[in-house]
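Note that chain A is present in both complexes that follow, paired respectively with chain B and with chain C.
Our next item is the complex of A and B:
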């Protein structure tokens, strides 16, 4: 499957914060991560927060080492994502579908 | 996107392409913007961003920021502006980003958009198509999973459409925007990523017609939007038990195809209507009434309704329990078979 690299930059985690310190990566290069899985714990001047993964994909590069300070808007992590995979909108998730949905109710054809 | 069929004479045979529903709506908007310079696309994030679901992706670049533009986060203003533009000869295609945020614009939609043509004795038609990402199924927060079809179908002066797949999304949008009447075009978010073949041709079925998406003889499942796909799954499972279900995609929720409903149910003698909206005063009640009026002597069982519950739309994790499940639909079918 064709992949493309997508780089995620450090978002402003509060109101008007300019930087954050990487405390602990919860993923390593080569890992496959699900969307919304814990990605990295960072500390701002307000609090320590865990950033969830914005993408489903494979980790290609971590742009900062632990204890390193990252500016808001600077690259944080690069993912390889499937180029033609459905991407969720800003709200919600792409529904998944079972090829053979589970069922409990059985039917009997009518006599007529 | 993949061109499935390449023909030498593309001018006479429109190509069939495989598109997601998002892409199909985008293609239809491109056709509509290109064919009529009065057509305008606007709403929150539809311009520079290309829409939160990528539905308007690339349109501003192609048609310019005078025809595809972002608005403030103010639904009443978006619809109020559509009214003014329509009165001045434009053909507005506003988007309200999510179903639940149409409520702040209900005054404009019900009191202005729906009535202006009537109020002015036809001097000010409202060729407005409100694109409304609708229904649930993507586990989004509150206000992002509502089904407002009964409210809009109940409002005289509005037409209401709800496509169920990419091909239908393409043709219903062309018809909606070209109509000089206002149309609420409800896009089933849960099917946005669903891919299917889309014939890039002019729509042939008139506004207000339903379609049979699966033929069967024991009962008719009636649905619209994302529930059509669910009913097709139910029909596949029922077939394993030797029960042969017909699936009718209502697609136009106003005007409703009473004749199409009657033709199907007269043959199958049993009907189950499935929708996401709550039960009480939902559109299923209207469908049940029409079927009963027109097929009373043919019916082998009362019309069954399988719907959301009479509760506020639940938080994402509860959505699978709220939306009509396959088992709930199967159970309703069994009730009609055993009646």
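Our next item is the complex of A and C:
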């Protein structure tokens, strides 16, 4: 099957953050990963997060070593993906989270 | 009839059920000071890791945090108030027992839950937590103004969007009003402690583990802020909780082959 390489850049992690430090890769070159599988653990000045894989494919290159600082928008990882896989709107974005089953409950102090 | 309605809070929580349930007892996740369920557990990959293990996950935004109400009096933040919230939530959900997993302040609250309601907690996991006074040397009339480890934590979280520094200061005072004591330890629930090797706020975690007959896992190279997302930490907890689960719980298909 024909493949093409697609490079995923470090997404905007919000709150005006401009860079993040790679803590630990959860994949290695040659691995096949599913979409949304854990890709890389990074840390900003605010928090540590795990970035999920934006696509299904084979890892071709990791662009940053562990402990390296990566700027938002800089290359993070290159995938080989099936050439006929849909690409629209995927490159450089973290997948939108599905709707969260959140509920609110009113709590009262115990009656005793 | 209810009394003291002025003292109530509206609490946001999540109940995440896995596609393929493997275990009837849910995992209760309790976030740390100044964060939220999503920041502490979802963004760090915990909800995914537990879903992959077939676990149902429950977790609140604790009072004073996230989308839950944020009172500004310290009396609202005594540990027993948090525990009452948790018990109400578990009752509402019909969850008789949980595996309680907390990080930092959430660990202290998981301990309190196990201590006060031993029948509700099957296993106890304390992350980023030690027996020392987390507020030592901090001027709690103005947290964040000094240079203690807690002052640093306070300044970081007080600046996060959605946080109310007045509510967080009240929360710190409420927690400090009931200093942690390792005695008596909770009974009946096996305990796992896990902390980053460089986590100064969790100093003494290994001693606390031996004190309560538990297990200690050190996360190499990590500090208080970045141990929480560690893959090694998640793996240790999933394995520890799995050891307590029956091999074939209700709702689990018998092994094939």
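As a working rule, the second predicted complex is superposed on the first by the 85 of 112 C-alpha atoms of A that agree within 3 Å, B and C clash if a C-alpha of one lies under 4 Å from a C-alpha of the other, contacts with A are read in each partner's own complex, and residues count from 1 in each chain.
In the analysis below, a contact is a pair of C-beta atoms (placed from the backbone, for glycine too) under 8 Å apart; a residue touches a chain by one contact, two chains touch by 3 or more.
This one's a predicted model, so the numbers in the text were calculated from it and none came from an experiment.
Novice: Just chain B (first), just chain C (second), both, or neither: which does A:41 touch?
Specialist: In the superposed model, A:41 contacts chain C only, not chain B.
Novice: Looking at A:15, would you say it contacts chain B, chain C, both, or neither? Reply first, second, both or neither.
Specialist: second
Novice: Using the superposition on chain A described above, determine whether A:30 touches chain B (first), chain C (second), both, or neither.
Specialist: A:30 sits against neither chain B nor chain C.
Novice: Which partner reaches more residues of chain A, chain B or chain C?
Specialist: Touching more residues of chain A than the other partner does is C.
Novice: Per the contact definition in the header, classify A:52: touching chain B only (first), chain C only (second), both, or neither.
Specialist: Only chain C is touched by A:52; chain B is not.
Novice: On chain A, what residues does chain B touch that chain C touches as well?
Specialist: Dual-contact residues (chain A): 101-110.
Novice: Where on chain C is chain A touching in the complex?
Specialist: So the residues of chain C touching chain A come out as 1-5, 7-16, 35, 39, 42-45, 48-49, 67, 84-85, 88-89, 92, 156, 160-161, 225-226, 228-231.
Novice: Please output the residues of chain A touching chain C within their complex, sorted ascending.
Specialist: So the residues of chain A in touch with chain C come to 15, 23-24, 26, 36, 38, 41, 43, 45-50, 52, 97, 100-111.
Novice: Inside the complex, what are the residues of chain A that reach chain B?
Specialist: 86-95, 101-110, 112
Novice: Using the touch definition from the top, list the residues of chain B that touch chain A in their complex.
Specialist: Touching chain A from chain B are residues 20, 52-54, 98, 137-141, 144, 189-190, 192-193, 218, 233, 237-238, 241-244, 300, 316, 326-327, 330-331, 333-334, 337-338.
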